[in-house]
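Structures given as structure tokens follow.
Shared chain: chain A. Partners: chain B in the first complex, chain C in the second.
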Partner chain A sequence: MGLGLLASRALRSSSSRVLSTNPRYNLFRTIVSTPELHKPEAAAEAAAEPDLPKRTPVAGARVHFPNPDDVIEVFVDGYPVKIPKGMTVLQACSVAGVDIPRFCYHDRLSIAGNCRMCLVEVEKSPKPVASCAMPALPGMKIKTDTPIAKKAREGVMEFLLMNHPLDCPICDQGGECDLQDQSMAFGSDRGRFTETKRSVVDKNLGPLVKTVMTRCIQCTRCVRFASEIAGVQDLGMLGRGSGEEIGTYVEKLMTSELSGNVIDICPVGALTSKPFAFKARNWELKGTESIDVTDAVGSNIRIDSRGPEVMRIVPRLNEDINEEWISDKTRFCYDGLKRQRLSDPMIRGADGRFKPVSWRDALAVVAEVIHQIKPEEIVGVAGKLSDAESMMLLKDFLNKMGSNNVWCEGNGKNTDADLRSGYLLNSSIGGLEKADCFLLVGTQPRVEAAMVNARIRKTVRATQAKVGYIGPAADFNYDHQHLGTGPETLVAIADGGHPFSSTLASAKNPAIIVGAGIFEREDKDAIFSVLQSMAAKNENLIRPDWNGLNVLLLNAAQAAALDLGLVPESDNAIESAKFVYLMGADDVNLDKLPKDAFVVYQGHHGDNGVYRANVILPSAVFSEKEGIYENTEGCSQQTVPAVPTIGDAREDWKIIRALSEVSGVRLPYDTIHGVRSRIRTVAPNLLNLDEREPAAFSVSLKPESPKKVSKLPFGVMVDNFYMTDAITRASKIMAQCSAVLTKK
Partner chain B sequence: MASVVKNILKSVREKGLVNFARELREEGFLNCLSDGNLLQTKIHNIGATVVGVDKFGNKYYEKLGDTQYGRHRWVEYASKDRYNASQVPPEWHGWLHFITDHTGDELLMLKPKRYGLDHKENFSGEGDEYIYHSKGHTLNPGQRDWTRYQSWQPTKTQ
Partner chain C sequence: MLARLASKRLLEIRQAFRQFPQTNRSLSTALNYHIDTPDNNPKVPWEFSEANKPKVHEILSHYPSNYKQSAVIPLLDLAQQQHGGWLPVSAMDAVAKVIEVAPIRVYEVATFYSMFNRAKVGKYHLLVCGTTPCMIRGSREIEDALLKHLGVKRNEVTKDGLFSVGEMECMEDVTPKRVVEIVEALKRGEKPPRGTQNPERVNCGPAGGNTTLLGEPKPPPCRDLDAC
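What follows is the complex of A and B.
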């Protein structure tokens, strides 16, 4: 701040300089004539406006005025700032461009005001005030760089460092520690503390979060995060005074799917990542801004890598999708990227053993076999983690071979890709905050999409929105009503006979979220027509500015696959297949596949798919390739390669491109841009990166289904949150988590 | 000279001719025929006292009195054909070069127990496998594995 101030002062325009008494500007007086003597009225004008350099708000902070009457003006270091009523002094300062040091204050958590680091001086106030907890009042004169504020910060810092161990050289937070940074900026250069430091027993919070509680400065961010955002009442404050410590009241693990976020919000090294402990320093790491593919949310992440190795994954701010949190699966799945990798093309010999071969031989074998098979017996399945480019090529390749039996895992036989509103989260993830009544149909968002669940919880906490749930008994971290287990409850709500239907009818922005498990059900069309009839009755459900009919998808590839039209053509494609191309598909049930069928597995992990495969083609994982993924709300985003591919592996689309050439049906795409221009003709919305493309038509356009809903209750789609795909199944950390943390 | 011949005859009588001939070879007297340095050492040894023998078998001699100062300590290497100065272990080095009057056997107790390495002679020119190569060197047998991923190993199933 100080440097910026000086720089902007030096760059000040010369018009306001003339009245300055600063001796530095005497130099200019000799050069320019004295305009104030020639034009006295201009000089008076310049004197009227405050003689201060321009300041920009901290981190691009913007002010939104919901009500123009509630605008108040305060002065920060003499700068007038217009802010809405109810903002705190700290927020007013950040709008004015002054970054106040803080430990306990966090934008997304409630205000605690216990670290006292944010003390500023306010005129006519006898003592310095804690700016994070003090509401700004009209005309308040806030001073942030006076000797009193400086002395207050130095004093607070001295008290905080009194009981803080001198651990920095062996602390994992070193280099990204708020305490370290702020003690450099605001602390004293010597301490006066000669007594012994206190020590605190470390707590065991499970396999993900490492605790060194002696380093804790009792900011209570983690306590507030756990109770407010994660929705688990595990952490709390024990004791008073110097005996005060953070802990679980009884020996207990932190059982939240968002527990990893306490690592990020901890301003010191008290809570650090256990798998990352002593692995690397943050300044050695190369950050790559990418996208998570372990669920359909598409959380924005930064992949931190050192050389060829992914060292950790941390969240990236995206207000529309994941805010600044990510789930534990996203954060800790990275060790799965290094284990069980397929690094060479392999062919299964006559003895049933795999033998590493060259790419040329492997592709030649596949090309030879595929020409001997009738086109209708060729089947292609894209996996959960496939990117749009490779799915486009897979479909084009098999279409050229004469088959159209290409689909993506999770899109069962009843999926239809006709209308985008039929498979997207139409309200958008951020839009769920506007909803005041939720009906969850056959979906357990806590395990299927943890970030969507966090959004629902945020809404429920803020507005006491009602949540109804239809499906098997499940774990929720907010108040909900369990209405039933099967589709008949949904029918009852639609007919108006159910108590919940009046809640739904009176809601301003009702949101119905249907799980992707519905695609596997026979009565999918019937359930959709029930929802349609609800939309017809309740005009609030679908209107021009609100679409409350949502489908929550399960996999990262699903939305893009449906956009590209990857749906199965026939119901019993697997049973009659003679050639199966699995592109990373590990959860396809191949039990009914004929014994003589030829299976090609193109993927990155030796997971379920390889055990039936005849040929293995190694490909790249999401951290090694550039690929477009569309998330469940219809926002397409791109992964960026962070580390090189391993061994002989290649990017997925390149493998299919090479195979098509060897097979004699050359696909005309030589670069990824060529593939994308092909995607542009099929699904142009996929290329509209980082922008949500809402569905153009709503579900209600579809004709009613004559079928009846079945009595079959809704199933559980994700039975183990920590292990859902090839990467997470290969991960040791995830295996540990599911052994320790999942409820039996 | 006469006493030398007498001594030879005496030991031939004691050990027999075959044993005597073997000893002659092992002690390096045959090498003396082609190696003047060794011959000179052997002649030097006459009348000198053996101060000690190190664990490699090098013998350390001292002769005070009529010997020129600075030539009164020497070593007869255990190896009679390929010997060089680096075969002297560090504990004897000081004694041999007049740095100290303590013999190597006395200085052995100074060797660090925990991290002290065994003395190795200089293997330059003896072949790459004998030569020290630093940790990152391709020829270092203790090469670090820089592969940062673990490959899937095919197992014979079904």
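What follows is the complex of A and C.
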């Protein structure tokens, strides 16, 4: 007994109880800075104090008990928590509010248990256990904060850093690196390894993913992602011991539409973004939570910008839509936002060249021309990327001019916009997980909506759901039966004469997904009435708690356009048009347009629409404006401006509002809220942001179509996944991808 | 003072070690990734021979039909035997097809086991031990003697296709002189005796006979578990 003990008593008042009750401890007092490491057991006892402050679950982790009998109770650092049977120790800890360090464990991947970073102490277990792989057992006493656990983590960290190049200053992951963060939090301040480090050859995985393989810590998350989620069995763990490395063995690119996600799941800087390499540090970036518009899924994204430039796009968690993945198109189209942009209003002169003019002049010219045209010869087409506000205004403006020929490209002629169930993914994207039998009609979800495809794959993997496909031969990354190429196969299935009919009939939750390419077909009414007759025969297809009749849309604007009633009045409006207003529409076929027609192109990119235009009005892209988009399942979400607009460009709705004033038919909306209150009167569901508005069940109300289905086989709607709209066509990265990755 | 002396001495020792020429470390007979060569690329056709096909079925029959992939190691072994002691990438692809998995899953296994040679080896693949005890007992000299005598580098095949030298964990007990004799014997087509080449040793026993464990070992104090 002496000064030392007194001092240590004062310092560690919490453990003083142990000190005085354990006489052996007094004898073994050693003079080190962290005595707990030498007597872990004694200190562990000291850690358990009865008065516990409240803790909240990590990242809002919620538990839901499917069956009340399956509830077990475990103790995490002395806190009792109730969890369902089958949860792992790591999950139990996160429910109890303790975040366990980890590298290889990922919620959405299978458990590998190979990094050992998640070691915790469990009472009565002789050694620390890997919490991610250990199922929690009733009454287990888990200790996450004891000296044993700390020492174990420190040791694991030292081993991980042994062969790690420690090149954080030149590493793109720096600042968002799990290894960096966890070595700060749990590692030692120095290592003992003085030999030379191993070297590993970098792999070429294509134009999107950059590899620096010496940084790899062999967690195998990328291998598991590639084979489980992306469905490409290319990556593997080769070799053994310290020679172990991630690779493809034979030279191979990663040809998956989801490959960019390995950048996010790689906990270190081994897999980083090639286009973003050495462009910015992540702490310089401003994150804006927005949504993606390159397909009809509406994936939730974060736009990271520095100053006026979008530097990268990363996914945001949304369990109902994209989980935590996004497609490569969504992630890497951002360089298209700054290339080939229209920055000034322009008028085509007599010599056929465009000349920049002021907004006043450009609008005046358009206003003058539009008044000289007969109302039925005025046509407006909204593009794939249009937001609901601008489409509302375009329709209102042209209506005021006396024309009702307004539509959105991709929606086809005389599409039925009255019944929402006729153009939405009625089962909802998340709901597809409940389906046990899929019938894909004229749609290749892998290229049309990669995130929906990922859901189908997830379902097929989890439940061995059957997939039937009607359409041209296509690439699938799950087992499927190719049933035929044209509508007659669908008719055969509906009649019950096809082998797949019985599969469909015996399914509990059958899901039929029809591609939006149908809208462009002459016989679409006939096809829909075939589907209707299927629903009439099979009561499982549509019932109050399940609607298995789905349409998978192609473009971000389509659903909102139909909600707002943008359908053309006449079938061949283009052929007789004298004035065409293209609002970002680049894929309308203008071949049949009369030579003397006047074309106004309002858009953000110098894309296809510009070639025929007489006047160009520059507008903002989705990263520069606020706008509502409805995705294919009927969930409306809004984009948020992340960067300022380029040059003289303006938001679409403002341009039309100004044009209406110059034309003398002033629209009474001065703010975006004004436009939205107008939308409320037409389609109030568009204003319920982030909520899915399911369609009412009314399919059976439609009259039978007298027409017959044609023999024409279904077509391919997206022949190049990487280039589908003005933004992606302007993107260099996407051009590289389609050159290297698309199969010829 | 003492501490400084000690640390200086330590530095000297380290320096001395550094001076040793660093032999480059290779773990197996090939790299962990594939480089196309004329006789080893995915386009070279490869199939199990007619004689081996029944053996493939026999091997597959040991496993339930939904766990075909368990047959990967015996099938790789069969393929390697068929292909003269090494596995070209197309042989691995053939195995992958038989067990219905992606080729990468087979590559993973083949790269893991050092007895699967993924590059051409000689008819006689000579492996010298690289572990510490053998190094101390002169395994590097043995390797040097072999390489010099055969005129090849490590993992290279002699011109006549008979020999190649690699590294592995301990198998035999030889001397530099003896390995050359063995190589010559193999060249003549003779079969050298297996096991230790030291005439004073019997199998893995020590030279000059056993020195310990001469009698029946004493049983542990309480064999009779019921009695204690």
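The rule is simple: the second predicted complex is superposed on the first by the 692 of 744 C-alpha atoms of A that agree within 3 Å, B and C clash if a C-alpha of one lies under 4 Å from a C-alpha of the other, contacts with A are read in each partner's own complex, and residues count from 1 in each chain.
The working rule: a contact is a pair of C-beta atoms (placed from the backbone, for glycine too) under 8 Å apart; a residue touches a chain by one contact, two chains touch by 3 or more.
Keep in mind the model is a prediction, meaning the values are calculated, not measured.
A.B. asks: Using the superposition on chain A, tell me whether chain B and chain C clash or fit.
C.D. replies: Chain B/chain C on chain A - fit side by side.
A.B. asks: Examine A:S343 and indicate which partner it touches, taking first as chain B and second as chain C; both and neither are also allowed.
C.D. replies: First partner only, chain B.
A.B. asks: Once the structures are superposed on A, label A:G247 by its partner contacts, choosing first (chain B), second (chain C), both or neither.
C.D. replies: Touch partner of A:G247: chain C, not chain B.
A.B. asks: Should A:G236 be classified as contacting the first partner (chain B), the second (chain C), both, or neither?
C.D. replies: A:G236: touches chain C, not chain B.
A.B. asks: Which partner does A:A449 reach: the first (chain B), the second (chain C), both, or neither?
C.D. replies: Neither partner.
A.B. asks: In the superposed arrangement, which partner chain does A:L593 touch: chain B (first), chain C (second), both, or neither?
C.D. replies: In the superposed model, A:L593 contacts neither chain B nor chain C.
A.B. asks: Touching A:G606 in the superposition: chain B (first), chain C (second), both, neither?
C.D. replies: first
A.B. asks: Who does A:V201 touch here: chain B (first), chain C (second), both, or neither?
C.D. replies: Once the two structures are laid over each other on A, A:V201 reaches chain C alone.
A.B. asks: Classify the contacts of A:V76 with the two partner chains as first (chain B alone), second (chain C alone), both, or neither.
C.D. replies: After superposing on A, A:V76 lies clear of both chain B and chain C.
A.B. asks: Give me, in Å and rounded to a whole number, the least C-alpha distance separating chain B from chain C in the superposition.
C.D. replies: Least C-alpha distance: 37 Å.
A.B. asks: Where on chain B is chain A touching in the complex?
C.D. replies: Its residues touching chain A are 148-154, 156-158.
A.B. asks: Quick one: which bits of chain C touch chain A in the complex? Just the residue numbers, please.
C.D. replies: 27-28, 32-34, 36, 42, 89, 101-105, 107-108, 111-112
A.B. asks: How about chain A: which of its residues touch chain C in the complex?
C.D. replies: So the residues of chain A in touch with chain C come to 201, 203, 227, 233-241, 243-245, 247-251.
A.B. asks: In the complex of these two chains, what residues of chain A are touching chain B?
C.D. replies: Residue list for chain A touching chain B: 307-309, 337-344, 346, 351-354, 605-606, 610-612, 646-647.
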